[in-house]
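The letters A, B, C and D name the chains in turn, as written, and every chain counts its residues from 1.
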Amino acid sequence: MVKTNVNIGSLKLKNPVMTASGTFGYGTEYSDFIDLSKLGGIIVKGTTLAPREGNPYPRMAETPSGMLNAVGLQNKGVDYFVENIYPQIKDLDTAVVVNVSGSTIEDYVAVAEKINALDKIPAIELNISCPNVKEGGMAFGTSPRSIEKVVKAVRQAYNKTLIVKLSPNVTDITEMARAAEAEGADSLSLINTLLGMAIDAERRRPILSTVTGGLSGACVKPVALRMVWQVSKAVKLPLIGLGGIMNATDAIEFLLAGATAIQIGTANFIDPQISVKVAEGIEEYLSRQGCHSVQEIIGGLVL
Amino acid sequence: MVKTNVNIGSLKLKNPVMTASGTFGYGTEYSDFIDLSKLGGIIVKGTTLAPREGNPYPRMAETPSGMLNAVGLQNKGVDYFVENIYPQIKDLDTAVVVNVSGSTIEDYVAVAEKINALDKIPAIELNISCPNVKEGGMAFGTSPRSIEKVVKAVRQAYNKTLIVKLSPNVTDITEMARAAEAEGADSLSLINTLLGMAIDAERRRPILSTVTGGLSGACVKPVALRMVWQVSKAVKLPLIGLGGIMNATDAIEFLLAGATAIQIGTANFIDPQISVKVAEGIEEYLSRQGCHSVQEIIGGLVL
Amino acid sequence: MKKSLIDMSVTANLSVNNRSVLLKMTPADGSVLPECKPGQFVEMLVEGEPKAFLRRPISINYVDVEKNELWLLIQKVGAGTLKLAEVKEGDIINIIYPLGNGFTIPNNKEQKLLLVGGGVGVAPLLMLGTELKKAGHTPVFLLGARTKDDLLLLDKFKEISEVYVTTEDASEGEKGFVTQHSVLTKERFDFIYCCGPGPMMKAVAQYANKVATECEVSLENKMACGIGACLCCVEDTTNGNVCVCKEGPVFNIKRLKW
Amino acid sequence: MKKSLIDMSVTANLSVNNRSVLLKMTPADGSVLPECKPGQFVEMLVEGEPKAFLRRPISINYVDVEKNELWLLIQKVGAGTLKLAEVKEGDIINIIYPLGNGFTIPNNKEQKLLLVGGGVGVAPLLMLGTELKKAGHTPVFLLGARTKDDLLLLDKFKEISEVYVTTEDASEGEKGFVTQHSVLTKERFDFIYCCGPGPMMKAVAQYANKVATECEVSLENKMACGIGACLCCVEDTTNGNVCVCKEGPVFNIKRLKW
């Protein structure tokens, strides 16, 4: 019997597989396909202080081994979440983490405070890396100074596990990681989407209403793996790796590179059962390799 | 009859299709497959002051819709180029551009001076963005200050068309573009490879000898297109777009986004005739769309 | 209605015209097809096509309950559908279904119902017409296409009920667009269902609004997940942006901002 | 030798064992195959397999000049070769060939030549043995595999000349690795050719060095372009890093730093 449980700060996961914010709704969208209790955790949709309509259609473009999205944090706001969504998901037998998004530090703090009051939410993921909103989001995540400010403010308002989600659209991601670590983040998740663009050559127009959008899917895995590896050498925090994980082998690569847990994002759209399949696949790998615990492969890359 | 010629500063190309440095040898490797005179230009292999052995094997990993390489500027040095390669390629009926690489400003300048003396080389591409060498390369290309220094120095030593090749591994590529423009670059080519990594999960080892390498191929196109579009709005210089161009439609997307010419890189490995097919495909598109000249679509994205 | 991820075994791939095929398939595990409503769709996995990263949403054309067969009408519009149209009898295709809401079946059997389809948009109308007839209605079809050859499954529609036709080149039925067909000036309908290209649906919605007829249209916004998770396929409605895959694809035009 | 990019029409796909097939193909345009040397290879385009972005380098197994057929022995080791092994008679495969240098054919017909192959590495030795015999030599084969079932094309090798065999499980020939075969202690060879897994080739090279025999090995470094442009497949030789695709794949072991 292989031990698959991992800890992200004080957040305990039964296995390293989580689902990425914005790709898994509130979990309930997937309950027809999988037993949610087989997941380490679920990161629910990006939640902001006020409701948001998001960006206009079209919001999606298919790209080689990936896709661009420009959803722009469409959500009904934190109060709606607390009143209407939380009661539906609070008793799920898996760690339910809320992705907290915003445009100002005050927004982030206000949302974090409201989520802090929810007993069954053991952690938040601070989204300072959304490329699809005009204000805030990625702007916060591309400078160490602004990361310090927002993490410091949210840290004061939130006393459970604080995960900071990093943007890959930076020159040196280790600088950003260190800034978040210095201000008290418990964990870092990386990477958010790469900023990209798609054009319809025949119509001579951008495909997305916002012109640019966030690139995800198998295509970004090499960049994501590299950043996880770099950050794992730069900070002591447990990392949650994501970016192009399509199967168990991909997930194991992230664990070897230094991630303590991983998130499945875009792959959920192609196979709604993939998250559970990845959890099973990791266990099979560990058995095959004679490991007694997933801990043995975390950061286990042999140079 | 559609006009396909474009100018990059004083460099005249018969059509916008060039081949990217490091993917096309010295052109002669492809002469069995295509008529090189049908190309706008060829950017030959990265050339350094002293000969370089490059990185150890393995240097390549296949990734979803792309590949990582870690060649590390293997070349026989500029003197060998001048004496042995130049005589073989100087009379090719296409623009032959030399990619100039280095570890120090003095190196770049020394190579640029030697190439400046070659009558039949109308331009150089300054490679300040190679991710695969320990010193120099990408380090120069990720800070506006160092870009200014190296471009300024080379500009003084080189009086023909100076193209600066930008790294995508930066937070804000427009800053880098403006720095190169300010110091007298005639053109910018973008993007070089994205820094990535690949792992062999079964062996728990990195696939590349250098652990990280440069990602290229179809997978990077959305990022490359976005950067070309951003830079086209930030500077007045003619741009040369590259990154994941696999066919004529891809090339046209770069032209629409604001590139005056494009480079075919990794696609040469899959189809050694692709560069000429892309040139033909652009012409077909222009005819079909009722254009008289390729100029009509450069930067022609309709927002 | 529980959604399933299931392997289907292709029982037939019938050429409809040179750009379309009709695929028939049955659950590979021998299970009985779930209840599907007309207007619902499936998300088909495309294997072996590097250009198709995501699934392809395809309308349910018909459910043959007796043979336990699902019919999907595939028009070859890109690399993904081209690949799907190549499958052979016995091949396995993975699908997610049934997705979306489906068309409304009215209670009042006296209502005059018009089913308007254009191009491959006729697909869901075959099942809708069949179900309406089964429910005691007398649906009438109005189908439009560029040419006679582009009128898909015309014979099957004629088996169900009366069919009016327009073609742009007059090669079949009246010349012009569906909204120009004379039946619209001669008769008044109580409910119009429409599926087809965007401009056609907008023209039909405009007509329906003008004559104050109830009207449902089936939208084809580009989507990724098909189950309301990614929020990519949104339509701007009177309730704001809603997922076409979940709250649609069928919308009463009163909800749309057309 | 001019390299070509050409569409080949598959004339046969023969199962060799459950992990390998022998593909026979001829130029789709009816042109005559170019002269190919034993040890050269082709770069095969893999279509319809999202996991294979690059071409796959495959040794030339044999050229049937009479039938104008190229033979390629494909072992299914990954997504790309798995897909290639699925092709059917009449399918078109795009290849680039002939690539690389090839083995040396000695002038002295008195020399005793040993051709050592392991696993799918036996592929180029079929053509090499045939050509050596044609040139008046008497090549001897020493072929190793894990089990009898992994000995590929054994009958064809026996048609050419004497064949010594080792298997790790003793299911055919002597038990053990090729370098443990008794023929090596009984006989001395003047030239050894070797193609197989890395460790095997290194062991053979070590043996050749020990007994001071000329030895050529065919390397299988991972490559992208196959034509000396990308510089990915380099081997560290006495002349520094050189492209296996261009200066190899066949190297005299004196050039290698093994």
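We take it that a residue touches a chain if its C-beta (ideal position, glycine included) is under 8 Å from a C-beta of that chain, and two chains touch if they have at least 3 such contacts.
Values in this document were obtained by computation on a predicted structure and should not be read as measured data.
Looking at chain A and chain D, the chains in contact with each of them are B, C. Counting steps between touching chains, the shortest path from chain B to chain C takes 2. Ranked by separation of Cα centres from chain D, the top chain is C.
Distance from the chain A centre to the chain C centre is 36 Å, each centre being the mean of its Cα atoms. One inter-chain figure worth recording: chain A and chain B are separated by 34 Å, centre to centre, where each centre is the mean of the chain's CA atoms.
Chain C and chain D have Cα centroids separated by 54 Å.
Along chain C, residues 50, 53 each make contact with two or more other chains.
Chain contacts: chain B has residues 63-66, 217-218 touching two or more partner chains. The touch graph of these protein chains is a ring, one cycle where each chain has exactly two neighbours. Inter-chain contacts occur between A-B, A-C, B-D, C-D. Looking at the complex, you find that chain A touches chain B at residues 61, 63-66, 68, 142-143, 169-172, 194-199, 201, 203-206, 211-212, 215, 217-223, 225-226, 229, 244, 246, 249, 252-253, 256-257, 285, 297, 300-303. For chain B in complex with chain D, the touching residues are 22-25, 29-30, 32-33, 53-54, 56-60, 62-67, 69, 71, 74, 217-218, 266, 268-273. On the chain D side of its complex with chain C, the touching residues are 48-50, 53, 83. On the chain C side of its complex with chain A, the touching residues are 2-5, 45, 50-55, 96, 221-236, 240-241.
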